[in-house]
């Protein structure tokens, strides 16, 4: 046993500091998001004002290093904040998650000081949102199958090819784009910072979706975009490892989103059952509803610990691929189960849209898909288990 | 693989299916995606079905229908729901719930004809909404409200099941002005005019069509049609998810081979196929019993539960098999998922159905 | 509630059921608990069935059987399994697997008669055991071993399906001395003589009964009988758990009322009832297709999967409903739970069945 | 936020001290239990020698106060130890759990110094095992329906009536018996220390069971047993609160047992799949098996945290009824699911008893029954959720 491990003592409570962050995020979510989330969803309207407020409150610079004007916080803090935001509005949640977990945290870890200097001010202030361009029509779960090309041309690269399913793609000021610099399936991929304003960057079709409708998912078109070589992140060919590492963090963002959806759904169930009392105040809600609620409540607490454990490992710079995959695997299935249970229990009012339950049901569905579908999480966990 | 025996159909049923396949391919399918997206009422589909005579499909010949019974009706609903569950649930509401509830009620025979002919659109409010109708002199006062009424937005009238304060069943007809509908941004059945319904004050007592035993009969008949017909709609959405997912999985390449050759994907397809298969057995069985005039309360509820579970599963797994594409509207599976889930909160919910099933199989006796 | 239509039986089938009910009540049921506990082979039950002529139930009349087909066989197995799944799985092994595999093989006609008459007990080793039989001169060398062979402990001989190293199917008969059986302390079917089997060296080449197409046919027939018959056994254990749990829940008082009036308990009963109901539809459907000579590979596999899932669920919930009593042997449900779960690892496992179903429904085509 | 909460920092690792306890328990389990557990099960034989060794190693005095010769440890330590023991032999596991969690911890919390002085030496040395006599034929989940009578007679009580399903009943030296001192459903119940050697104490029938066959479950007969009044624990009428509070701890013992069974089942699956490699060492195990394994692995880690969280609360003397119920609810279902999956995946070898998987499947089944059936756990959680 190493010396450092001697200091451990199991503790499931958040530090005062994180409790305070949680309270601030919850207040923001309840005041600025919850009253409007239904509207944004119905109109598929990006919550631009709310994102600005989030920036003012510091939620967009959580993972930016302090020396660059950020709060220098890590995955655990992100998860705590994101659960709160997602419990009100998963569309806003994924917007902030991608910005923090996929973009800023990635740049803080892999970027050069010059790249950070150039980008972080705008990212911290909310002038820029960050977006993450990995997926393509033919490369979803099989990300290494990507075809977007980056051809070296002097001290520039020329990027060509469309990117699909880009969260915040139409709202972002900057993208990290993964593109092919050689034919090797995985070692032929490199990562580039691409400003929205560069010539040849365009926005393609916007997807019409089941849920998270206030988060625009668009095609980002790269048509002979000339990107200076100093925009390349890390070495040429390092794109795939960067993408995978970043996805570990991103998965925790989605795990936190799932926790938020599950908690909100549980809250809706509780509120519904609490109303069902007889004249003497005794509950007349059915056992079957109460039991379903109990199962979800237990699993939710457990899933949250699983998520925090992975986040803590990541913050400690320990391997967390297995743990992050476990967290996303469990939380995303739970979010869907909880949201479906809420609709079933609440009944016609949920089906008709009079309860937020149906919105959470629709929003929940994406958590099993993006940043690695459920089967990919299982694959990661299974490989890790069989390797031990 | 064979689908014979329990699934084998009569010539007449085959004919209905063929007629409908053409209608679905020409009319319902092409409009389904946009109608859902725009929440546009598919009234033309309803007219089309009326022209084909199909809104009288399960209604007895004496009452002006085709008298083809619940199995034929189920087959029709399943076929339509494969393309557009909104159209199917409208057909169920007109032909299965309203029309069948009105059968044999003399004062409603003209109305029944208009519904079958597609001249009037009726909303249906079942006993699960718990509406109480208090009579006072020559007027009625209705308390309660309806959260989710199919066709409510466009309904010319409502067929409503209420109870008197003393607990007697009443079957009511409410005409324009006696109720108001607020269109709802619902989870599913978006093209079926979903609306919340509230009631006007001082409704004339003549709104009561029948009461007591005659109302009991109407409620029972409509309930059964709702359970079996609802199951059939669920089978249709499930079937569609299976077919869409199967062909997507065979075409989509990932990690160097078609998705369908990933064991995990193939097993998902097997599981949704199996649950749809079992639910179809239960549905056709209940329909056959109903057509034979046998008691089939339990069978109908088991069919509905199994079919809607299969449909939600098929929608859920269908989306998952499609990955990111499945989350977008244009691949249809997300719509089926929403419609299937909405079916679960329409009419009697699963919790209450299990309570009733408990009585039926004798746990409570 | 009615059980007609899909579940309605012919007079002949009713007669078989009545005969068996008497046999079960008089013979199988009273011995079941102790036989399981003591792991005592229920050979007398097998003899009893032979005396009733029932070991030839699904075997064609030309081959000396009753020629009553798979539906009748399923009904018989279900009835017996309600009391004693060990007896049922022995009957399946003798009458369904061994006897049917031997049908039409001239060199085995005497053996077939002896099995039907209960004079010889045969163990059965299916293709899933992956036995390879290499021929060298006039001798055979068998590689592989069998982990769980029903009747193995008492078997006079084995009917064994093997492959040549080139992949040709072979049907073998191994007599005493050519194999050895080690009795196993198995999870279930404890009174059915479960044993592991290993093979002697240098088995005479004459052990090969048939090869090639004739062996393919035998394997196919036996496989189908195993799937449908296994499903029927599962239905029996599930049914028994439902009946036992229902009567326990109605009698047992807790918190001032019968357990069955707790919604959570009533819903558990509803759920196991529903899954058994669906599985029975699938089982009888597959059996009817088989009897009509139609292709029913997929249907048989779906039936087996559904029925064994229903049985494990019914055993699991049955124990839970019984509380502490359910964990003790004398309330029977724990035995049904073990037998149901053992059925799942007997013959083809669920994983492999889902693979095959994938091919059948076309995910892999 | 209170001052004390400021010290929290989330941590999912055990302290060095508990890691050391875990290592010792694991070594004991692997050396003394695992090689024999199958035999004990088949013969339904109480592992008397192994229990003696457990006593020598201190495992029977874990929850006994230090001043009485114990180790003065709490629920978290118990859970850590019990998971290891149960991963080898759940029969031994429940024997030690009942002794520690239901008897010794109960006496340490509710007993007088004199009672402790009199009992703990023998309990610590293993001369006495402790047993817990609450259930009766007509009082299972509905414990308050118990009928066993305790009639005051001068400075004695006279106890009458059989107790059912008593774990270790035939092996114990001392029982805590819950008996009725008045008619009030819950406030009429009192708790008594009853030495096995007292006149009128008898052992009735031994149950033949599905699993944990090496842990004798017997009827304990009380036939006009005269118990000195000083053997009453706490006040008259306090029996039911004591029983409920003790069950919170007992539930954690069963949660730890469930974790052990689930972990052992996962281990058997991993070992089975690890064998399935092709000539080049590549896995040829099926995705479906691997995926099932991944789901179980994720849920197991989560369920363990849920258990530790409840144990920690109990050790901190905070309310933990909801949390203990959540832990038992989730872990016991997981244990059954994992054990069933192991049998399915391993196949005929598991069905035939050639793998320990079938023993774990049989043993797992009791975890959803004793110390509160699953529906009772759901009831506790549902009530707590609706009260917040």
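First chain written, first letter: the chains are A, B, C and D, and each begins at residue 1.
Here is the rule we go by: a contact is a pair of C-beta atoms (placed from the backbone, for glycine too) under 8 Å apart; a residue touches a chain by one contact, two chains touch by 3 or more.
Here the structure is a predicted model, which is why all the values come from computation and not from measurement.
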item	value
Pair of chains joined by more contacts [C-beta pairs], A-B or B-D	A-B
Chain at maximum distance from chain B, centres defined as averaged CA atoms	D
Rounded Å distance between chain A and chain C, as computed from the means of their C-alpha atoms	50
Centroid distance [mean C-alpha coordinates] between chain B and chain A, Å	38
Gap in Å, rounded to a whole number, between the CA centres of chain C and chain B	40
Per-residue overlap in chain D, given as positions that touch at least 2 other chains	286-288, 291, 375, 378
Interface hub residues of chain C, defined as touching at least two other chains	262-265, 267, 354-355
Complex interface listing, chain D residues touching chain C	42, 135, 138, 140-142, 145, 164-165, 207-211, 286, 288-289, 336, 340, 343-354, 358, 361-362, 365-366, 368-370, 373-375, 378
Contacting residues of chain B [partner chain C, same complex]	1-2, 4-6, 246, 249-250, 260-261, 263, 265-267, 269-271, 273-274, 277-279, 281-282, 285, 288-289, 292, 294-299, 302, 305-306, 354-355, 357-358, 360-364
Of all residues in chain B, those that touch chain D in their complex	262-264, 267
Chain D partner contacts - residues on chain C that touch it in the complex	37, 146-148, 184-188, 194, 196, 253-255, 262, 264-265, 312, 316, 319-320, 323-324, 326-330, 334, 337-338, 341-342, 344-346, 349-351, 354-355
Complex interface listing, chain D residues touching chain A	1, 5-6, 8-16, 18-20, 76, 266, 270, 273-274, 283, 287, 290-291, 293-295, 297-299, 301-303, 305-306, 308-309, 312, 323, 325-327, 329-330, 375, 377-379, 381-382, 385-386, 388
